[in-house]
Amino acid sequence: VQHNLHCIALGTKLGARSHTVWIGDGGNFPGQVHLRRALERYLDSLREIYAALPGGWRLFIEHKLYEPAFYSTVLNDWGTSYHCVRELGEQAFSLVDLGHHAPNVNIEMIVARLIQFGTLGGFHFNDSKYGDDDLDAGSIKPFQLFLIFNELVDAERDGLPGFAPAYMLDQSHNVTDPLESLMVSAAEVTRAYVQAHLVDRAELAEHQERNDALMARETLKQAFRTDVEPILAMARSRAGGAIDPVSTYRASGYRETAARARPASSRAGAGIV
Amino acid sequence: VQHNLHCIALGTKLGARSHTVWIGDGGNFPGQVHLRRALERYLDSLREIYAALPGGWRLFIEHKLYEPAFYSTVLNDWGTSYHCVRELGEQAFSLVDLGHHAPNVNIEMIVARLIQFGTLGGFHFNDSKYGDDDLDAGSIKPFQLFLIFNELVDAERDGLPGFAPAYMLDQSHNVTDPLESLMVSAAEVTRAYVQAHLVDRAELAEHQERNDALMARETLKQAFRTDVEPILAMARSRAGGAIDPVSTYRASGYRETAARARPASSRAGAGIV
Amino acid sequence: VQHNLHCIALGTKLGARSHTVWIGDGGNFPGQVHLRRALERYLDSLREIYAALPGGWRLFIEHKLYEPAFYSTVLNDWGTSYHCVRELGEQAFSLVDLGHHAPNVNIEMIVARLIQFGTLGGFHFNDSKYGDDDLDAGSIKPFQLFLIFNELVDAERDGLPGFAPAYMLDQSHNVTDPLESLMVSAAEVTRAYVQAHLVDRAELAEHQERNDALMARETLKQAFRTDVEPILAMARSRAGGAIDPVSTYRASGYRETAARARPASSRAGAGIV
Amino acid sequence: VQHNLHCIALGTKLGARSHTVWIGDGGNFPGQVHLRRALERYLDSLREIYAALPGGWRLFIEHKLYEPAFYSTVLNDWGTSYHCVRELGEQAFSLVDLGHHAPNVNIEMIVARLIQFGTLGGFHFNDSKYGDDDLDAGSIKPFQLFLIFNELVDAERDGLPGFAPAYMLDQSHNVTDPLESLMVSAAEVTRAYVQAHLVDRAELAEHQERNDALMARETLKQAFRTDVEPILAMARSRAGGAIDPVSTYRASGYRETAARARPASSRAGAGIV
């Protein structure tokens, strides 16, 4: 609690407008933790932090299936997160990290639920095949990323009150240059957003109403398979950026220059949740 | 809705005290169903059914990850079930079918959550290794069944208000005699209940308080590995039942007698959710 | 065995060149089946069938994680399939159904293994999110389908001896017109094949050699996000087919005509493995 | 390769009789690694190591689904391990780490396969609920551990030629005293071994032959639920050990004494595969 209050104090000075709580608390073995009491204590602590939240700020809480706790994590799934958010109040929201769910789970449905209940805070974008692998966004399951943005754009166009998710990349770059991975990941997230805007929603609604499952699906697929790279490149250019960021970055020689300028000891990687 | 109202009317005549709604609605493909509107329609229907519920009755709703819908089931997880139950009112409760969850999910934690939030309605007991396999209770993951009852007995001893789960077996017997499977399954559920009562909860609480993860776990394991078969046999005997139900049933020749008495056409199996 | 010999006899008359064995044998409970002896018996039976295989034919065997057996399927994974194929001889091959694997498994690696070991027989294409859902190919995980074809095209271009996989759609159409689903599924399989041919393999090999993980991945992604619909449409047109098969089919009124011509009783759906 | 040759040289001096190769090689992204060439290189390296193996030694290779490689691990499953072992020769064997498999996979079947094919080298025992969690053996899925030993004891009693698996604990102790966890884990492994010896195999075979799935399962369950703690305690006592190892160890005050004797810097934990 003290650490979080300190962060909020720092954030106030920095002009921040939100605070995220992630806690890996839990147990490795059956019996280690009393499941109900652990959640009570977690909520009691959150209430203290919430009470210190400045007006206009949002509090995000982040659930995770496992790791570092290997049997019972306190904030383990979106249902628990949703309960806590409702208990706390209107400034509390659920944060969705794409890698924090059980195998096979339909993440775009979780996003739709949190949108519908008015409690979606935002995202930690990344991708994974097995666990919380923190790979580059869109690198493994690009269609899933599109389907998540399909829900987001649908909510945006419906003008749902209070709908304002925060977007963050939360990745771990072990085999790539982190800057390059961030460039490409940002492009992948934008790509999914643009493709989701290409969905003909009037046509989609009509197919849904007529229960034409095949054409409804194809309406989404058509948007997904449209190559929007030219749109993304033009947008980058108009914003004063590089049409091809990775090539431009490589040509700049920045990495080599920065590597020479920094002592070796500070180049060690840092783990990210 | 009409079908459910009809069931409630029949139940009233039969002296029932609860009504369970399970609906396999959903979509097989992305786009087929508008995720938010489908849940709205589901809730609207539930509200009509709930309004017709007699005083003193409980309404159970049952979530399921998938099947028959293969992409998006409307009531797909406990979080959605919890939301619906809260929307409906105090007579609505969540039902937990052990086979209706994603791989690796910690089901005893879901049970603990629903207990804590006062919304646990009861169980469809069965067991599974892969999907919603509807195998005999305790046949694949007996320790999981024990851990679920560990939560139930813990709540029972804490005297939580309104804690009164309904226990049902929901299994599909494809390679065994259904009556034999039901006998053994009932014994497995009772075994887990008795073993959970053997847990020394004062000692467990002390280990938890001192964060002695190993001894806390061993306190549970000691109860789990206690062979309570003599207790179960004595309880059956005192209740006027057979000490060894399956052997007694086989010796009775009931199956052969019943098979001869029934026309072949009525012996076909029936699917169970 | 008798059934399979009969099928081979029929196939000979029909001019077939291959025979597929799929057996759902196994157990629902631990102990029901002796795991080693069950595989021995399975192999003994396969040897009898294999001995009857005409020259030039191929025998395909198909593994499946579970269902209808819910605990131990005899031919349960690709490793067991590979062992059996090696035991049988050079006319035996492993068939890969995309829905028959454990969650999270990397199916394109299984394909690469079977290619490398010279034992890939072919495919049952479909898609799934949870179990063996038999949904339309490419409808849930289109990038996975592309990655599988990336391995196939890579092997094709390497000119591996004996590489000649058989391609089949094995789907269950519950919410769509089966003919429409087959049209779109065939297009999806072809799309993945064409996209895999767009991969610049010289460039990819160079990135791999220099361990440039990001550019290697982007080389694949660039091919995957290329919209090849115009190529597919032109190919259909040149082959005398419809540019837009589903619209053409719907305009033809075939479904309504056929439905009127057939008695209701014959319209019931048929389960597919 | 050089590192492995060095280890073998050291092992020769130490009187070792086996050498284990575990390599986390692989790729984090599609395209990063050419799947077939990576396995070829892996096999080429293994052949060099195998060539240096002294007579009478065994070479163990260990597969793992993922981690540290998050998309494609070179030795990713038992099928690939089995292929490599066959390629190498009669001194090569597959090692099974219980945490290195996809969700839902039937590990006792993998053990049975490797036994049947004569290529089972041994085990890294541990337990897990989600990923490669390296928890204490038997702490999460004790029935699975029993079923694995059921296969091992069955093979032992059948007197299969060359059957001599190596048993190792491979765990990571984050919330317990490592020595205590090792004591209890060793007891759990022994417990499963003793319980597997209690299975009435003549009766089991008869139930299997008559396809009596329920009684076959109950024959296993009866052995599993027998409390063999008195047998284990007596065996420990006869071997000159403590009847209750953890209590004895705690009473000895060893941990406190050792902690005082060691500088703080050497007490940091070490990662285990």
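Order of writing sets the labels: A, B, C and D. Residues in every chain begin at 1.
We adopt the following convention: a residue touches a chain if its C-beta (ideal position, glycine included) is under 8 Å from a C-beta of that chain, and two chains touch if they have at least 3 such contacts.
These numbers were taken from a predicted model, which means no experiment stands behind them.
Enquirer: Shared touching chains for chain C and chain D?
Expert: Shared contacts of chain C and chain D: A, B.
Enquirer: State the superposition rotation angle between the two copies chain B and chain C, fitting on C-alpha atoms only and giving a multiple of 5 degrees from 0 to 180.
Expert: 180
Enquirer: Go ahead and note the Å separation of the Cα centroids belonging to chain B and chain D.
Expert: 34
Enquirer: Take the average of all CA coordinates in chain A, do the same for chain B, and state the distance between these two points in whole angstrom.
Expert: 34
Enquirer: For chain C, write out the residues touching at least two other chains, lowest number first.
Expert: 27-30, 32, 65, 71, 103-104, 106, 129-130, 136, 139-140, 143, 175-176, 211, 213-214, 217-218
Enquirer: Which residues of chain D touch chain A in their complex?
Expert: Going through chain D, the ones touching chain A are 27-30, 32, 65-68, 70-71, 103, 128-131, 133, 135-136, 139-140, 174-176.
Enquirer: Which residues of chain D touch chain C in the complex?
Expert: Residues of chain D touching chain C: 27-36, 39-40, 65, 71-72, 76-80, 82-83, 101-106, 108-110, 112-113, 115-117, 143, 147, 150-151, 154, 204-205, 207-208, 211, 213-214, 216-220.
Enquirer: Under the touch definition given earlier, write down the residues of chain A that touch chain C in their complex.
Expert: It comes out as residues 103-104, 106, 129-130, 136, 139-143, 175-177, 180-181, 184, 191, 211, 213-215, 217-218, 221, 224-227, 229, 246.
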